[in-house]
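The first chain written gets the first letter, and so on, giving A, B, C and D; residue counts start at 1 in each chain.
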Amino acid sequence: MKAAATQPYFWNVRVYYEDTDAAGVVYYANYLKYLERARTEWLAAAGVTLSALEIEHNAVFVVHRLEIDYRRPARLGDSLTIRLAPVERTRVRLVVAQDILRSDELISSARVSLACLDRRTWRPVVIPECIPGHARRIGRTGSTAPREKLS
Amino acid sequence: MKAAATQPYFWNVRVYYEDTDAAGVVYYANYLKYLERARTEWLAAAGVTLSALEIEHNAVFVVHRLEIDYRRPARLGDSLTIRLAPVERTRVRLVVAQDILRSDELISSARVSLACLDRRTWRPVVIPECIPGHARRIGRTGSTAPREKLS
Amino acid sequence: MKAAATQPYFWNVRVYYEDTDAAGVVYYANYLKYLERARTEWLAAAGVTLSALEIEHNAVFVVHRLEIDYRRPARLGDSLTIRLAPVERTRVRLVVAQDILRSDELISSARVSLACLDRRTWRPVVIPECIPGHARRIGRTGSTAPREKLS
Amino acid sequence: MKAAATQPYFWNVRVYYEDTDAAGVVYYANYLKYLERARTEWLAAAGVTLSALEIEHNAVFVVHRLEIDYRRPARLGDSLTIRLAPVERTRVRLVVAQDILRSDELISSARVSLACLDRRTWRPVVIPECIPGHARRIGRTGSTAPREKLS
């Protein structure tokens, strides 16, 4: 695996009214939007756009499993950082760890399992090589996915 | 125009946490979701599904202009009613008045101008006859759109 | 525990444009909105409103952990059913299993861990007795939470 | 009025999956989120945070009327610019023009009327002087609001 894929990636977001709810905190589903923005920007930083994935590979990148722990509430005006690191990869699956931080305080911690699907049939396809964290050599040797915690 | 199209249509929604913001009220963009749910259900009540529109007519029904007055805030747990009535129609445009009510208290009042677009070219097409409030006879005689307030 | 709390609860939703994304399916974060609507209605069916919880108990009911498997995509116009059943409870925590179904086809399957917090301090409080699925007798005997899968 | 308030303000956003719908374009309500992000950042650039408004002035800044024209669809991955300029102000109301652009192509054009409310009573209050575009001198002379298009 190339060095680039093992480095954590960071993306910042600001909490707006749209993200909050009447309890005065970020609504629990909206953290998933932050997670996806960070994944999209991580791909973009590696030169991969979701539109190109759709057009060139007929592929969409989807979440098939998500685990998230909500530790502390984020609030209106907060500046949050999403840290992303791939932690597991096979030919058809990519798992990323994503933490949401406010300075060095952990707000939420997620583990997101992703797959590529053919957008016409919605069936799994091999993750294109352009995706960072892709198991290029692992795929060739047929070995199972290593579990190396990178974050 | 058939009688059915001139009757106001009513749809009820409940305010959940997802709809509210840190000011303790429904977030201003989320009223537009209520408006669209009511339009979708109004079409469904007339036998028109958006999926069928897409498949049979290659058409999507889009908003091209919206005016909305926010009168009073709605809050968590409120039960709201959306009242819909067509107020203007031409061969390519349909304007509906949509009020959001909490019992008989007016929360918001909107005027929504809709058009049908070809989903492949995103160019305007004549509104299919299946759409309620469609100017069937007006279209035939080529007359301009009447402005009759129905709500 | 009263019989009522062990029965699965069902709540129906319709998929609108607001719920979908450019991949043509329900956006992954939006399933969490469906889950919360079902939890809110389940509480309401037991006579508990979130506003009353806030006012009478100074409590907010929050998710502190969520696991969700996305099995199949839901699409525009789909009619979905959310099935909810409590599966684990202690004095301060309530875990519910929530499946999202389209007829008898499983769309998503979630396990949601909830806690009550004091809305002023954001510290955990004992779950009020009014909450269905609450471990009234379990709490008294101090036994650990049973894991009984009810769905 | 100070020069700063008359200059248009610009804020950029990226279109993510969360913003789009099954028609392949940005969902109509989500443009309002972009508009609000730009207003929030415009205030922040003038040293005003919404949290401070709430705490120091017990005030929330709310939209009481909105007009928006949807000209062209924005799509997944688009980079959009929101241009904001105050166009009208009285002691209790501030109207801003907000255009959404993709390069120099006009996507949407909005006119948003804002008011400050006391967050405890939800009654209008005089807009604090810290808000940019505030009619300091207009307020003193009691003159009516000028309509000067600045964008």
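A few points about this structure:
Keep in mind that, in the parts below, a residue touches a chain if its C-beta (ideal position, glycine included) is under 8 Å from a C-beta of that chain, and two chains touch if they have at least 3 such contacts.
Just so we're clear, the structure is a prediction, and the values are computed from it rather than from any experiment.
Using mean Cα coordinates as chain centres, the one most removed from chain B is A. Interface comparison, A-D against C-D: more C-beta pairs in contact at A-D. Distance between chain centres (mean CA atoms), chain A to chain D: 31 Å.
Here the CA centre of chain C is 36 Å from the CA centre of chain D. Shown for chain C are the residues that touch two or more other chains, namely 17-18, 23-24, 29, 33, 36, 75-76.
Interface residues of chain D, counted against chain A in their complex, comprise 14, 16-18, 33, 36-37, 40-41, 49-51, 75-77. Residue ranges on chain C touching chain D, taken from their complex, read 17-18, 20-25, 27, 29, 75-76.
Residue ranges of chain A in contact with chain C, taken from their complex: 23-24, 28-30, 32-33, 36, 60, 62-71, 73, 119, 122.
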